[in-house]
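Here it is: the structure, laid out below.
Which chain is which? They are A, B and C, in the order written, and residues in each are numbered from 1.
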Amino acid sequence: MMETALFYLFAAAALASAVMVLVNRKVFYSALSLVICLCSVAGLYLILESPFIAAVQIIVYAGAIMVVFLFVIMLLDPFSSEILRDKKRCLAYIGVLLGVLAATILYPVLRAYNLARAPRNPGFIEGGAGSVARMGHALFSDYLLPFEMTSVLILIAVVGVVVLAKRQASG
Amino acid sequence: MGLLHFLILSMLLFVTGAVGFIVKRNIIAMFLCIELMLNAANLSFIAFSRFLNLVDGQIIVFFVMVVAAVEAAVGLAIIIALYRNRNTLSADDADSMKW
Amino acid sequence: MTDCIWLVPLIPLAGFAVNGLLGRRLPQWAVTAVAVGAAGVAFLLSLAAFSQLLRLPPGARRITGAGYTWIASGDFVARVEFLLDPLSAVMILVVSGVGCVIHVYSIGYMRGEGGYYRFFAYMNLFLFSMLLLVLAGNFLLMFVGWEGVGLCSYLLIGFYIDRRSAGDAGKKAFIVNRIGDVGFLLGIFLVFLTFNSLDFDSVFGQIAAAPLRFPFEVQAGILTAIGLLLFVGATGKSAQIPLYVWLPDAMEGPTPVSALIHAATMVTAGVYMVVRCAAIFSRAPLALDVVIVVGIATALLAATIGLVQTDIKRVLAYSTVSQLGYMFVALGAGAFSAGIFHLMTHSFFKALLFLGAGSVIHALGGEQDLERMGGLRRHMPVTFATMGIAALAISGIPPLAGFFSKDEILWSAWAHGHPVVWFFGLATAGLTAFYMFRLLFLAFFGAPRRPGAGGHAPHESPPCMTVPLVVLAALSVIGGFAGPPAWMRLGPNRFSGFLEPSLADGYQAAQAHHAEGTEILFALLSVLVAAFGLWIAYRMYVRRPGTADAAAGRFRWIYRLLRNRYHVDAIYDAAIVRPTVRASTNVLWKGFDVGLIDGAVNGSARAVQGFASVLKGVQNGLIRSYAVWMLLGAVAMLLYLSVYGVR
């Protein structure tokens, strides 16, 4: 009972903030709306008994990535009211239309996956799929190589970002 | 809540992100919509992982988040470089690659 | 020898190949040796073939040689096959003999000219084509030779490539010939349709074997059609009405070319062809009537035009047209061997006349206008004497060759029931004598009228030019005795006797018997008319030189009509040439070629360009636009998968 209410609460929050991301004129407010959306999704992860991922979502996604976004937004004129040039007016309408179309097509497809939720047993949090123990176990055995490669990936990204965003040497 | 509810939600979030990407003209806003789409996908993965009791879904989400972080960093660096060169944040102004 | 008959045309072909490919690098004597040698060898081989033919009994004088299959397509088989019978033997002797003599003459005539090797190469090619024509054993091979001589005529008429008029004359000859060739081709098609073969033996055998049903019903209809169509080709090649207009213009070519091609050999191809198809023509009385009418009309017309021409070669050209008309009169009267006889004698004295004219032109440094000549007999005695003999021969004065052949023609016209034709033929004979001696008197008698007469005196031509003149003159004198008429009691007509087997498939209609006395009377009459023409010419041009101009002034209207050649060229130009050119420019070129074909090609390119320029609009550089396309693709895929399921 509680769960259903929580689900609808978080779902409504996520959807509403997603729409706010779309609708806001100023990009700063869009970014803030996205933060709310991310937090709502973290709540949904908790409902889905994935504590680790929920935590990572809050810490990394909402905490680090969005902060970087906000940094850049601040750097580049956050409250600009400049009307950005639109070279192809019809694209917006086409986009909306396609979105509606996609949703309409997907809905009957997804209905096939009407799996019911398995009943929860008390030790589920510790032994379930989303538990930290199981995830850690899989990460360091089956998926060790990709795990190590992510560190390389991050290193490359760091180097790339420094090179790309560096101010050009004068002269 | 059944799996279907989560999938529907995920779909709606994804579609919102896609439409937002097309509608918004500010590059950073478009980027935000990309993040939205990634999140929708993540939600879908976690939902399946819970309902099929497979840990692989969680792992995928983990890596997706890493990649999303990296991509956000690099993308924002590019956007900064672009702003420095053209002094505009409009995606429509960066159309030199046309025919 | 039987198997080597193919060498006769092939030796000149080899000469052409050598001179054509290597001639530019060879020294002049080598070119001469190859060309004249080829002609000479061809003549010797012709003599050998002739003698071999003589050794066979008269009924068996028919040798076929060197057959190989050229086209084999279903039921249609065309072979390269040569036929040596009395008719073709006479022709190859005339062609190679006169050809050889003219080759020798050309050595001197063309000595200083540019393109020496080219001239002899073309002359050899011509010999090859003409020999191929007369030795062919089927219609198709004969047509190959027919086209070949047309080509060589074009090449040689337009030999002086720096002269626009020469090129135009060459084109005119080729195109007018082509018109005749259409008729010829249609005739060949009809032959094939009717007899399912193009082989002479096969076709004429079928005709001869078919039972004769007088009045020949359907048979005659087809044969008449074939005969008329073939005759159209003959009018083109042998310069009869209405396709004779190319021959006077063809005088633009060097004089030996005029002598060989347009007097002795190529123009006689039409006559040869009709005689070869005697089996067809003799059974188609309507076709024969057409032939004889066209022949006599041409003879008379050309003779009247020749009366007032001032260019020495033009006079001879119209004379040739006129004499060819005589040959067709003979054929139309059914006297095929008389036609060939005149062909032979005419080739002797007409070639002689042309070569003599060339000698005169050469000596005067290119002057061709009769009004500017005169008094040459003192300076060029050999040329004068030989041309005099030729003039007497062509006028039909006995005992030279022309008398015998012309007389036989006129007699056959009367004997086969064409008295009107005989009368006009007689009149033409008088005109012939007149204009021929007019030419002689104007050129060789009287005071010199050329400008700058005080300068270097014209001299006689070198021996390599005068010796051929003498040879031809000798032939003009004795040639007639090969076929004397019966009343002269000089033995049988060996010529027509020799030709008899070739005409065996011809149908011999019953002839009315005429008294010998009538024949002798007519012969005397023709001699008198000729002598009269000679005397008039003498009076007008030697005794009282002003008479000609006075007559021209009195009969100004007729004079101008004749001078302008009855305006035939102008009429053809306005009625046929200009409309054709206009239609060709506006319809075929502008309408069809530029509009349709170029339009289609360019249009398809433009269409592709247009399509591409529409498609390239996709690449507009906008990220959002690309995103839309991606989304569109994804939605399409989703749609497909949701409808058909994932498999």
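Assume contacts are C-beta pairs under 8 Å (C-beta built on N, C-alpha and C of every residue); 3 or more make two chains touch, one makes a residue touch a chain.
Note that this is a predicted model, so its numbers are computed, not measured.
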| item | value |
| --- | --- |
| Chain pair with more C-beta contacts, A-C versus A-B | A-B |
| Remotest chain, chain B as reference, centres from CA atoms | C |
| Centre distance in Å when chain B and chain C are each reduced to the mean of their C-alpha atoms | 93 |
| Centre-of-Cα separation between chain B and chain A, whole angstrom | 7 |
| For chain A paired with chain C, centre-to-centre distance based on mean C-alpha positions, whole Å | 100 |
| Two or more partner chains touched - positions in chain C | 620, 622, 624, 627-628, 631 |
| Contacts with 2+ other chains: residues of chain A | 87-88, 91, 94-95, 98-99, 102, 106 |
| Sites on chain B at which at least two other chains make contact | 18, 21-22, 25, 92, 95 |
| Residue ranges of chain A in contact with chain B within the complex | 3-4, 7, 11, 14-15, 18-19, 21-22, 27, 30-31, 34, 37-38, 41, 44-45, 47-50, 52-53, 56-57, 60-61, 64-65, 68-69, 72-73, 75-77, 80, 84-88, 91-92, 94-96, 98-100, 102-103, 106-107, 110-111, 113-118, 128-130, 134-135, 138-139, 142-143, 146, 150, 153-154, 156-158, 160-161, 164-165, 167 |
| Residues of chain C defined as touching chain A within the complex | 620, 622, 624-625, 627-628, 631-632, 634-635, 638-639, 641-642 |
| Complex interface listing, chain B residues touching chain C | 18, 21-22, 25, 30, 91-92, 94-99 |
| Contact set on chain A toward chain C in their complex | 87-88, 91, 94-95, 98-99, 101-102, 105-106, 108-109 |
| Chain B-facing residues of chain C, complex | 616-617, 619-624, 627-628, 631 |
